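Look at the two complexes coming up: subunit A is in both, with subunit B in one and subunit C in the other.
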Partner chain A sequence: MIESTARFVDSRLRLSKFVRRAMNHVFPDHWSFMLGEVALYSFVILIITGVYLAMFFKDTTTPVIYHGSYTPLDGVKMAAAYRSVLHISFDVPAGLLIRQMHHWAADIFLAAIIVHQARIFFTAAYRKPRELNWIVGVTLLILAIANGYFGYSMCGDLLSGAGMRIGYAILLSVPVIGPWLTFIFFGGTVPVAATLPRFFALHIFVVPALIAALIGVHLLIIWRQLHTNFPGPQRTEKLIVGSRLWPSYTLKSLGLFFLVFALIAFLGGLVQIDPVWLYGPYNPVAILPGAQPDWYLGWVEGAMRLFPGVNFRIGGYLVPEVFWPGFFFPAMMFVLLYVWPFIEKLISLDFRPHNVLRWPYQQPFCTALGCATLAFLVVLEFAGADDVVALAGHAHVGALRDLLRILVFVVPAATGAISYLICLWWRRRRASDNAGLNIGNEAMEELTQSQ
Partner chain B sequence: MPKGASFASLAFFVAFCVPVVRGQAAPNAGDPLARGQQIFAQHCAECHGDHGQGVSGVVSIAGPNLQAEHNLGQVLTAIEVGPSHMPSFGRILSVPDMKDVAGYVTQKIAVIPMQGGNLSEGGDLYAMYCSACHRTDVRGGALVFDGVNAPNLSHKSRALVAGAIRWGPGPMPNFPPSVLTDQQVASIADYVKYAQRPPAPGGSAMHWYGPVAEGFAAWVIAFLTIGVAMWIERGGKG
Partner chain C sequence: MSEENPNQEKRPTADERRPADRTVERDLRVARAESWLLFGGVLLWKAVGSLVKGIGRTARKESMQTPHPPVESDFRKSEEPRSLEQEAESQAGRLLVHGAEASFRAAQVSVAALDAVIEKHEQREQGRRAGESERAEDRNLDQGISPLRQERVGTVLVACAIAVMAAAGFGFLFIYWTGGSNMLLGGNLALFLAGAGAALVLWSHWLTAHKEAVAPREPAASSPRESAAAAVVFRSGVEDVQRRRLLTGMGVLGTGFIAAFVVSLMKSMGFAPDTTLYSRVWQRGQRLMSLDNTPVSINSLRPGSMMLVFPEGSIGSEKAQTVLLRVREDLLRLPAERKNWAPEGYLAYSRVCTHAGCAVGMYETTTHLLMCPCHQSTFDVLNGAQPTGGPAARPLPQLPLYADSQGILHAGDGFSAPPGPGFWGMP
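Entry: the complex of A and B
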């Protein structure tokens, strides 16, 4: 039966040759090559759960009176969107589970992307010929952050409304084009009814389609260029060592998919996330101080809290203080990420293609820079939660903020210096250490050098 | 609070049983509320204000608002024992006097109704008037407010919440009846009470730390998946 179907398809599409080649495609055996897959599978879960949520979500701010099964909000005036989220959480079968899985999957998607990208960075996998894929990856990161923001800003609760307002203020602060940008993305002066349908369209059509397409490109490029390899016996610039796509790699990867799914379902079922019913409906008059964004925007929030309040004029235009930490700083971070492979070329003066990776200790400067950047972001994350930290530690938030203004420079510098020294020490220790790798039954494949 | 409870029962004992045993009749027995008012003006108004609205300023005389003190036993305990800066009246006032002034406090001063609140109205009002400082989850907020954080309200009694709204402790503004009616105050107190331990239908609420705790949990799980990936790479062997 299966065979005759296969023959039927093959005699028409002539796939067998391709499939045979594909099944023999070799993937390296190292856990760090699976990090990107965790991101991919979180994305798959996001799509599956998101489709379910889209069936019940209403993207309008039409005022309605709530009379659903969450009685503490009975009789409260709210946006139809918020009512639909309450409906999903309390009345739709498995609605809360799916909603929570969707939110957790988003948080983990971003975490997996960051870890995956850190792996690429610390092993210098972005070097020629893979700069293109690095650029695709950075674009995916930006799109994922943007879609997370659109997603949690749509719920119509007080917290998401606060987030929407901060996003609006940041975009508006961009010199010259700010008002136009806000008009495109928010449809007017927030709060305005036009925002939600735009966010919804972006969140469920435009950005996911772009992400899916770019993931396709990402994988196609990997397929074409083949994977990199860690340094080791037989692992040269022309040879890749690992396991075949079928069966070993497929089974491994499928196992990972189920485990990611299980972990996200575990969180979705047992750990509460974004309890919108407690925040209450968005009301432009009500203020929510120290509203935290989801973690992947916490560093921007932190930068905005630490940045001193300075407004100045450039060429007659007033540049508001939020512009620097809220827009300029993240934009610069992403620009630096985009051009990093080319900066690295200028630093190392190495323009050759590379298929064998570097261990972090073999590139002390890059490793130190990466660790310092991560430390910088972690301090900013803390700054973004400084009110929570101050309250939990009974500290004075003003004093804590001043301390963080110092730490934000000291901690990255110290982390960079220490990691540099560790790399040097490690390199000396490893200088003569080469042996001990089992390559018995591993498959190999010639690299198709496209250069 | 077993200690408070034993004080309260002690006070009850003192208030109701002792006079009967001693067979002592209260001097110039008249309207107990009128006598209570007199005693209050004499002994308490100095610190608690003429209408029990509370006095702020010098610590030694700054007594809190008593407009939410509905519990006779608690008031008697306070008079008898004298909490913190308040003097003890156990030796100054006779037992019937204490009883009368306590009755006056609970019936005439405590004007903020503790019943008749509306939870959903309370949520709305709380978002408008209180969440700016105490946050919607009533877990408190840090303000750049000469070093004073708006405290976590998750252990405050309803009476204290209602009282705080009227008297406005420290840098907190007070909300007189012209801003919030008694019934609205009761609604807010209801909401705070509800939000102290709201049901968590989604599972563990992680102490209501919000997105900060959520991000943390996401990273814990992300590292767990890395562990799983390493385990898979080793062929599932340890």
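Entry: the complex of A and C
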């Protein structure tokens, strides 16, 4: 059966050579190479669950009266979108499962991307010739964050309404083009009926299509350039060591897909996420204390809280205070991520291509920088929930915020310094392990690579 | 394919293998088939048994219920489906337990049976090994354990995973069709998928050949000759284009038109910011209305309290929401030009935060601060709602008020500034 089908196709497309090479493609065996796969598979699951949800979701804010099986909201006026979300959650069989799986899959998608990127950073896998794929990856991260935001803003509950208003304010604050951008994306001054269909179109067509296309590019580049290898025997600049695509890697990778799917199904079934019915429908005059965005935007929220209220004008034109922490800061973070491979070249003055990775301890400066950045983001993430933290710790929000304004600089600096020292210590230990040869680390690296 | 394999790993073909290997392989095949048969048989037996039991139980329940036909149908509607659902759920739970038990038993039995089979093979193997111990060692070098044992463990593990998968898949379908809860559905789906995943990973780990493969890397860049050749072809095309200046120019122009066309389509999306951005919302003389659409008078509030008001005709509007407060007049610290904006200590401010647009809904009576729940900006109501803490930088726009002869409150003008978050060009 399989053979005759294969022969049918092969006699028309001359695929044998390609397929043979593909099956012999070598993939390195290291757990950290699976992080990207986890991201890929959660994207697949996002598409599967998203298509299901799209069949029930209404992207309009038309006011309707709710009469569904969730009795606490019976007779309440709400947007049609919110009613459809309640319908999915309470009346569609397995609807709540799929909805929660979709949300969990988005969180795992983003988490996997971030951890994957951290792995790339800490092992210097972005070096020549892989800068292009680093750039594609950063773009994917931005798109994933954006789509997460569009997604949870569409539900029409009170929390998503607050998120939408803050997003609106941030975009509006951009100098010169802010008002135009806002009117293109939101269709007017929020809340307006035009916004939801725009977010819907972006969330289910535009951004997923871009993500899918870029994932394709990402994989093609990997296929072309082959994976990197961690330093080790035989792993040189000219050889790749690992297991073949067929059959062991295929089976393992397919297994990973099902395991990721299982994890998401488990979370979607047993761990509640975004219970929109508890927040109630969006109402412009209602207030919701203790509201936070999803965690992948918490660092921006934290920056918005810690940044002092500066209000200045350029030639009489206002640059609002939210512009700096809400737009400029994240934009700069992403710009820095984009250009990092090139900055690293200028620091290390190393312009050669590399196929063998560096262990984190072999690049103390980069490792320290990465740890400091992560610590910075974690402190901001805390700051993004400082009112909740203050409430839980019976502290005063203002005092806590002043403390956080100090910590946001001190903690990253300390983390960076400590990780730098750990790297140095580790490197020295490694060097002395190497039988008192007393050669420098660079030379050792050279040695491993030229084996 | 092994002849043409470009890489360094050698895979022996069937003919190259030693005869001893082939015997082992045949034995293995037999062992595998036997274990699968046993496994399947036991599983089937247990599954059928529990199914029969379950059906029997359901039938008994039903026969108990049917003799009492419902009379008050309305009443029953609200009560009965729930209990039936719960029944179905507990039924599903019981079935699941049975399924799990069945697969566990099946695994146990098949392990025992396989053990016996393998034991036999290993004894035979040992007899042979006495003669050719060197070769046997050589063959087993790969994983460190005997291939038979590996095959056995692998088969059983994969079988268990598949059994879990089958049982959970069955459970999912059952719960889905009987309308069970989200948690049971999710749990079963997770088990089902985890079984599938585990089966594949275990298969790959135990039952496929594990050999480290090494392949050469090609250089990332094209060789100078390749790129030179490509450049020649490209340049000949470019020259063609360059010679026809006029046509090229027209082409560029055409592309520009297409771009302009696409951009101008954005007009339908409401591309330009309109005047609503600059609107000060209130008009002079408009009455202040409460949320239930009644006019607010000079007697509506006691000092120290607040309420939500809207302009006449815009009840519930996001942009127009206004907070009306009353404070003791002697506490006021308004700037001179706003002295008569607050009759009898009534103050009205935009309720939209100037930071990022949340509704500023909390009022601290003792400190006279309005607080925004989003990022905890505070505004001093006595002093024109100037920000006193938090990230907001601009005061909440104030609404001048006056009371008419009947004591009804009116807006003296629009807000002192456009309400809401700031933007380039905000006055």
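Here are a few things to note about the model shown:
To be clear about the criterion, the second predicted complex is superposed on the first by the 430 of 451 C-alpha atoms of A that agree within 3 Å, B and C clash if a C-alpha of one lies under 4 Å from a C-alpha of the other, contacts with A are read in each partner's own complex, and residues count from 1 in each chain.
By our rule, contacts are C-beta pairs under 8 Å (C-beta built on N, C-alpha and C of every residue); 3 or more make two chains touch, one makes a residue touch a chain.
Keep in mind the model is a prediction, meaning the values are calculated, not measured.
Within the superposed three-chain model, A:G188 lies in touch with subunit C and out of touch with subunit B [touch as defined at top]. After overlaying the two complexes on the shared chain, residue contacts for A:L407 are found with neither subunit B nor subunit C.
Of the two partner chains, neither subunit B nor subunit C is touched by A:I135. When the shared chain is aligned, subunit B comes close enough to touch A:P275, but subunit C does not.
In the superposed model, A:I221 makes contact with neither subunit B nor subunit C. In the superposed model, A:E321 lies in contact with subunit C only, and not with subunit B.
Once the two complexes are laid over each other on the shared chain, residue contacts for A:W104 go to subunit B alone; subunit C is not touched. With both complexes superposed, C is the one of subunit B and subunit C in contact with more subunit A residues. With both structures placed on the common chain, the touch criterion links A:I418 to neither subunit B nor subunit C.
Once chain A of one complex is fitted onto chain A of the other, the partner contacts of A:R305 are limited to subunit C, with no touch recorded for subunit B.
According to the touch criterion, the shared surface of subunit A, contacted by subunit B in one complex and subunit C in the other, consists of residues 29, 96, 100, 252, 255-256, 259-260, 263, 267, 269-270, 285-290, 387, 397-398, 401. On the subunit B side of its complex with subunit A, the touching residues are 119-121, 123-124, 126-128, 131-133, 135-137, 139-144, 147, 149, 152, 191, 194-195, 198, 200-206, 208-212, 214-219, 221-222, 224-226, 228-230, 232-233. Those residues of subunit A that touch subunit B in the complex are listed here as 29-32, 34-35, 38, 71-76, 89-90, 96, 100, 103-104, 107-108, 110-112, 115, 158-159, 252, 255-256, 259-260, 263-264, 267, 269-275, 278-280, 283, 285-290, 292-296, 298, 381, 385-388, 390-391, 394-399, 401.
Put simply, subunit A touches subunit C in their complex at residues 20, 24-26, 29, 93-94, 96-97, 100-101, 128-129, 162, 165-166, 168-170, 172-176, 178-180, 182-184, 187-191, 194, 198, 225-226, 234, 237-244, 247-252, 254-263, 265-270, 284-291, 304-311, 317-322, 325-326, 353, 355, 387, 397-398, 401.
Those residues of subunit C that touch subunit A in the shared complex are 1, 4-7, 176, 179, 182-187, 189-194, 196-205, 208-217, 219-221, 266, 269-274, 276-277, 291, 308, 316-319, 321, 351, 355-359, 361-362, 373-377, 387, 389-394, 420-426.
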